[in-house]
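Structures are listed in the sections that come next.
Below are two complexes that have chain A in common, paired first with chain B and then with chain C.
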Partner chain A sequence: MRVRRAVIALLSLAVIYGIAAEIGRGRLPDRIWMGSHYVENIQLLPTFRSLAEEGSFLIESNILVDSIAVSARRVLFGLVLGSLAGILLGLATGWAARVEYLADPWVTFFRFTPALALLPLYVVWFGYGETSKVLLIATNVAVVTLLGAHQGVRGVPRVYLEAAASLGAKGWLVFRKIVLPLAFPDIFASVRVAAGLAWVTIVVAELIDARMPSLGYLLALAGAYPRVPTMLIGIATVGALVLVFDLLALLLHARATRWMKRAA
Partner chain B sequence: MTDVLEAVDVGYTYPGPTPTIALEGLELAVKDNEFLAVLGPVGCGKTTLLRIFAGFLRPTKGSVRCGGAAIDGPGWQRGYVLQEEAIFPWMTVRENIEFGLRAKGISPEERGKVSGELLTLIGLSAFADAYPKELSAGMSKMVEVARVLATDPAILLLDEPFGALDAQTRARMQDALARLWEQRRKTVLFVTHDAEEALYLADRIVVLSHRPGRVQAQFDVDLPRPRSLETRFSAPFLLLKRQIWEAARDA
Partner chain C sequence: MKQRTLLGLVSLLALIGAYTLVSSVVSRPDLIPPTQDIAEALGDLIGPGYQMPAPEGHEGHHHHSSAQVDTLIQQGVTLQASLGISTLRVLFGLAVGLPLGILMGLFMGWSRRADDYLHPIYVLLRSVPPLALITYIMLWLGHSEAHRLIPIVYAVAVTVVIPTYHGVRDVAGKYTVAARSLGARGPLLLAYVLLPAASPAVLGGLRTAIAIAWMTAVGAEMLMAENGMGNLLVGGGMWSSRLQTRSDPAVIIVGIVALAAAGWAMDAVAKIFTARFTRWAR
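Take a look at the complex of A and B:
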């Protein structure tokens, strides 16, 4: 049902766009003032035909595929690294807070610190290469997943901990068999959010430090020309990749939470 | 018969801006292998008393002992079934029952044997590998009872286990619990607000007063076991029920 709804929504959006593009063809201005000069032959709303031409060029020249591979690799590395660090830290702080009933003002501090502001700092610290980009994603991801894990542990209902204690369970067993399964949905939700955020981060990071090949570079290049069909294809590609990541995550989630009562 | 659970002059006050005195000067002794029901109105401190025995609360006055030793924190020796639903929904029925054995470091084969026996006893063998979401509320409460029985504790602390069930299911669960108890004699401290339930299950009933809770009256229940539907409508049962109602009314 949800897949069908999503397909219908996407299709109707595509149809509306197609109609708008056909209406706009020949009617929209084909040159725009760029602040210092005119750009000729601009397609403000490229038709499907010109999108298809541009798309097949980007695919045949391997530009798109290479860009996806490079950017996805960065996102994946950053996501795994950041999730591991964030979840482990969040579990630890959540558990400590549970035991000691600490207030958590530092959580607020991190939550609202935009990790993209770290980019210049990371470039200075880690150089222009892969490291700074992957670490930037990892930092972003870590903050979000840390909060998810922290809140997940904090939210474990008292009754389960008491029942476990009454059955003689302590320490590691309680953590592994009671706390982790209960914190999982929160952790998972945070990883999903973090995956989306990772894509935002990488595209922006690659826009600033634009190198070939990458999706951010593709967009930066398209902006320099400017070439609207390339931009639209780049944006749609990032959107599709976020969707694919999310779908994979949902499949994993469904498997890991078979025990839950299904909402009617 | 020796006392296995003892409360001596126990008082408990919940702290706060307006401290609530839940229990005051409460004296109680549960004998070995006795099924004792604590009966009282909602808010009389029954649950507080049970949580003190379970080791989750320390009395603010007096002392509680288990087998002569002061109670210091929770432990499997006093199997505690909470009032709330506390079955672990992310574990199968079998994993739930085996959890206490796991905590004790019992081997998987041995765990399987124990859980198998208990599952047969509560009639849920077919649901061994099902998740609790497939069970009715009454059955999941029985799984919770079986879960504390698995580690073979000397004492069971049951906090209104059937409080949330409809009358028919409740009667069925009472029968199941009675059968279970007749097979595995334990010292049981059973908290309830239902006089009939207390009568049907217990050897002895202690009636608590309104807050702050103290012992108002005691009744020995000399009804023969196993008890059945006939028991519920027998003259001695009804007579006792009347006496308990009167004692509770005066509380």
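Take a look at the complex of A and C:
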């Protein structure tokens, strides 16, 4: 039932778009005033046919695949780097109150700094290349996962810690056998959120600093010409990638926390 | 509590001190501006937007800390004005986006059938970064304020759907069943049971939405706006030539600190608001 309704909803959305595009063809303005000049030959609602043509061109010329590869690599590097730093720090702040107090002002600062605001600074420091983009994602991811790991450690029920202590376990053993597994779901949830944020950040960073072939660059080019089919395919590609990353994260999560279901 | 404040202060001062030391030892103001440069940039940016030209024969009128500060001041950009404009954009995004997102979340949480149909569409909407739409919106609506505001509205709306949805389904579900068995229905059920029960989750979503709205606003302004904090950060300039000139890190640092402060202040207000409204839940 659920699946059938989902299919109906998505199909009807596609059909409505198709009809709107067919009606709009030739009727929507194709000459648009951009504030300082006119742009010609605009299809505001490209038909499925022109989308398919544009899509096959982008795929055959390897533009799309290359762009995906470049952006995905940045996201992955940033995600791994940022998660490692964020989780380690978050575990530390959750476990030791002193560390938390020391880190508190800086965590607050980075939490409320919009990640994109760091881009110009990183460009000054690390140049236009990969480093500034990977580090931008890493910073963004680190803040989110730090809070996740912190909450995860803090959420461990006191009873467990006391039970372990009364059995003589302490320090590292408690941390490894009790705190870490129990904090895992929270950590994982934060990594999942961070992955979504990382995609948003990178695409916009690439749009603002449009140089290398990448998804953001593709969108920037499509916007500069402007070529609506390319634009829509770019947007759809980013959306699909966000979705795929999210699904992968969910699958991994289900796999890694299977023991919890069994125990319950 | 006392130790917390003390250690926090120590860490804050220690890092600022370390930064001051490093920046004066390295002495590369184009990369790590000394602390006094940052303070100077802050002063210049807060000062009157337009400086009167120096009187005749009076050599060496006021010298600003960098070319970026000069450009910004020539354009009449001040920190407080930029912050005000960005805040207005964020508030507009919240004012329009929150009702939209909350309505969709309520609807999806309320009706199983609506959820089945709308959820896949929502997942599609959620996956699209709002700022990626900016040029497309511009083609439809022209060069205007719309393409800066719509992404913020979009981001806010998409963010609050899920907390509302879970608030209605998971939290309010119990109360709804109880109220229904007592004969409550329709508007009464909505106003007295469902909305209050879902409100902690919704208000939790509000705080996330504020952060997302700021991020989107700054991004949109960096991409294409002649004002606001994003514009201040990239030092003016036109679309597609932004970030091409080397920016002054002192200005950027001032901007980042101001943004962090603004975000923090708005979050604090939301926190107080949340505490007021959800007192019953404690």
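A few notes on this one:
Here, the second predicted complex is superposed on the first by the 235 of 264 C-alpha atoms of A that agree within 3 Å, B and C clash if a C-alpha of one lies under 4 Å from a C-alpha of the other, contacts with A are read in each partner's own complex, and residues count from 1 in each chain.
In this section, contacts are C-beta pairs under 8 Å (C-beta built on N, C-alpha and C of every residue); 3 or more make two chains touch, one makes a residue touch a chain.
Source: prediction; values computed, not measured.
By the touch criterion defined above, A:172 reaches neither chain B nor chain C.
In the superposition on chain A, contact of A:38 is made with neither chain B nor chain C. Once the two complexes are laid over each other on the shared chain, residue contacts for A:259 go to chain B alone; chain C is not touched.
Look at A:224: by the touch rule set out above, it reaches chain C but stays clear of chain B. Ranking chain B and chain C by residues of chain A touched puts C first. Touching of chain A by both chain B and chain C, each in its own complex, is seen for no residue at all. Partner chain C is touched in their complex by these residues of chain A: 1-2, 5-6, 8-10, 13, 32-35, 42, 44, 98, 101-106, 108-121, 123-125, 128, 199-200, 203-204, 207-210, 219-220, 222-224, 226, 228, 231-232, 234-235, 238-240, 242-243, 246. Partner chain A is touched in their complex by these residues of chain C: 3-4, 6-12, 15, 30-31, 113, 116-121, 123-124, 127-136, 138-140, 142-143, 211, 214-215, 217-219, 222-223, 229-230, 233-234, 240, 242-243, 246-247, 249, 252-253, 255-256, 259-264, 267. Listing the residues of chain A that touch chain B in their complex gives 159-160, 162-170, 173, 177-178, 181-182, 258-262.
By the touch rule above, chain B contacts chain A in their complex via residues 54, 56, 73-76, 78-80, 82, 84-86, 88-91, 99-100, 102-104, 131-133, 144, 147-148, 151.
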